[in-house]
């Protein structure tokens, strides 16, 4: 039983097809990679799944429900969370507030108790605070809880973004080039962290990554996208030796 | 337990400070220490604080630039005067109806326009503000361009004081909550906020409606103090006035908005004999502040108990 | 039918004025993404310069227009240098508020110096004659306004399409950074844009003086806003859009005053604005662009 099943997805911008006849499957607790040369349409696929863009055609079935064209916040509520290629934290807010915002969709006190400061408000805030701290601990950010997010070093910002995404309690996590801009040491640590998250939170993870060797190491299955279309998919071994893939990457970096 | 006790003590202390402030002014007014022109000044100050703090919720915390705040003030003012003067209802009914009417206007205008962003939203709100003014000018029941006159003065110091404190309290409490964080996240990054499960449109509308309601409250107080309301009082120049206070105080700082509102009121008061000079100074302040301190007086920081505690212990 | 044709004639000259002002808004927005709220007030200054040129220097109307254009071109460049340039890299709201500040400054410094009362534009500078063609009354001032506006617009088109400066302006508005790399002086190009936009506004100011007969320090606000609506209507940043938008606004306004309630004249302008913003915020000629994620 697959968690995510995308059929014939199509998106065009002003007559130009960015994604075409896109078919994709992700099982529960699977870690799948989506790779492809620059401009192949990887991020567009992510934007379609998370509702940032509305598809022109096709279906995105998540947990037996077609989420294609839904508003992003509804898709998030169904259990899809993501990070961004170019980190999008709430820059001027503290580290802990960034995570707290992710809990808002499950807030358990209403507006009236907010304004009247009833006991329900204080109870609710305490729970949110405790939970947010838990997530910060997992990502070793608890010492920086009151730091302004934009003052964190790059690697920590990436970790905070993942923490924030996880705090929405997703069943599927989408990571858009999580290792971009990291050095090899940081990348290795990040990959271990991703493996661990998947096991501990029992998540499915969909990953875009540019670094081929890295994707090969961590993903169970890989899809290769070029000019908006899937040109190959299979086990890392199969992808590594696929002629089409090598061709698509020639002239760029050869993984 | 000790911590809790301390919070309670601070709370009681603050209530006492507020009560003392109220009593002093009330006493001074009763014995005639505060003359008519100072009373006008104090009234304007409270009204300006309400306007600035409520607009700051929209412009500062939610990050949605609105240039039509005076329109909601007008709706509140007119609705309440219809209640009190034309229908003979008590003041409290006027206040509630004024706030409600302004809130409804905020909702009706907010839902379609808040899809727009930045400059476009600013212009659309300015347009709606002007439409409210022109519509009022064309309704004979409310006096057309001449407006409504002979309004009973019902706005007294207790009402003003209570209204100001309720406004600040509601908005501060709203901002320092999960709802407030959702509102601020819209300003910070709308797309990221959506993807965290926050229905950004509904939070923008929420902030807009709450802001409009308090602008309506300010309108009610204004109408029932100055005896007369005219559509042209609530034109876009008035809206700009409020924006100036918010920007001067620092977008996203409630204390900043309060300080700026007080400052602008005093500036207006001091220069009331020289209207043109006042506006020249006003515009120069605006330009200079934007060039040298675009984040305003306070930035997005607040004066809090902690700040005062720091200053206090620093002095020791 | 005659009534309609009559309104059409009136609307065309008013529309020409709006179009001239709208061009300044659109050029500035196209190049630095700023709603120059002070633009309507630059038009007001132009009207006053024209007025004094006629009354004090005794020039004829065309010379007055040229003097006003020159004066406001310099004024526009100064405004940009002093108030907007320091804010080029700060937030949009800061720039917008500065523009509001400049607008208030121009209005009230004029009131301070010349007083708030309106001045009557000297009729000797432009004696009115009325022509009757097929039952329609056409005033020579309508013809004057329309023709001079069209001539100015043609000159503008020439500058933008065929001169080096015009090419630089288009390049900067497309991509400022790339323009710098191509050796274009962005500062200079922006200054020229302000100069041209303000000169057009000044011409419009003198035309408003001729058209309405009176001028006052706050005369720039409402026509300024309406011209802005015209610019948005045509698609802000798009020059032919501003021209078309201006004429549409002028015609709409005269039709509403002619057939409906003139009290609602101003509301109609804003109603149009809001409709456009809600249906197609990029305007009649604009392209939709989404945010890149």
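For reference, chains read A, B and C in written order, and residue numbers begin at 1 within each chain.
The criterion applied here is as follows: contacts are C-beta pairs under 8 Å (C-beta built on N, C-alpha and C of every residue); 3 or more make two chains touch, one makes a residue touch a chain.
What you are looking at is a predicted structure, and each value in this text was computed from that prediction instead of being measured.
Among the chains present, the centre nearest to the common Cα mean is that of B. Contact counts per chain pair peak at B-C.
The distance from the centre of chain B to the centre of chain C, each centre being the mean of the chain's C-alpha atoms, comes to 34 Å.
Put simply, the C-alpha centre of chain A and that of chain B have 41 angstrom between them. Centres computed as Cα averages put chain A at a distance of 48 Å from chain C.
Residue positions 52, 84 of chain A each touch two or more of the other chains.
Shared contact sites, meaning residues of chain B that touch two or more other chains, fall at 191.
Annotation for chain C: residues touching 2 or more other chains are 293.
Those residues of chain C that touch chain B in the shared complex are 33, 35, 83, 86-87, 90-98, 100-105, 107-109, 111-112, 116, 225, 228-229, 232, 261, 263-264, 266-267, 270-271, 273-274, 277-278, 281, 291, 293.
Chain B meets chain C in the complex at residues 59, 65, 112-113, 115-116, 118-120, 122-124, 126-128, 130-131, 134-135, 137-138, 191, 240, 243-244, 247, 251, 276-277, 279-280, 282-284, 286-287, 290-291, 294. Interface of chain B with chain A (complex): residues 169-170, 173-174, 177-182, 184-185, 188-189, 191-200, 300.
Residues 50-52, 71-73, 76-77, 81-82, 84, 88-93, 97, 100-105, 107, 109, 111, 114-117, 121, 124-125, 128, 164, 168 of chain A touch chain B in their complex.
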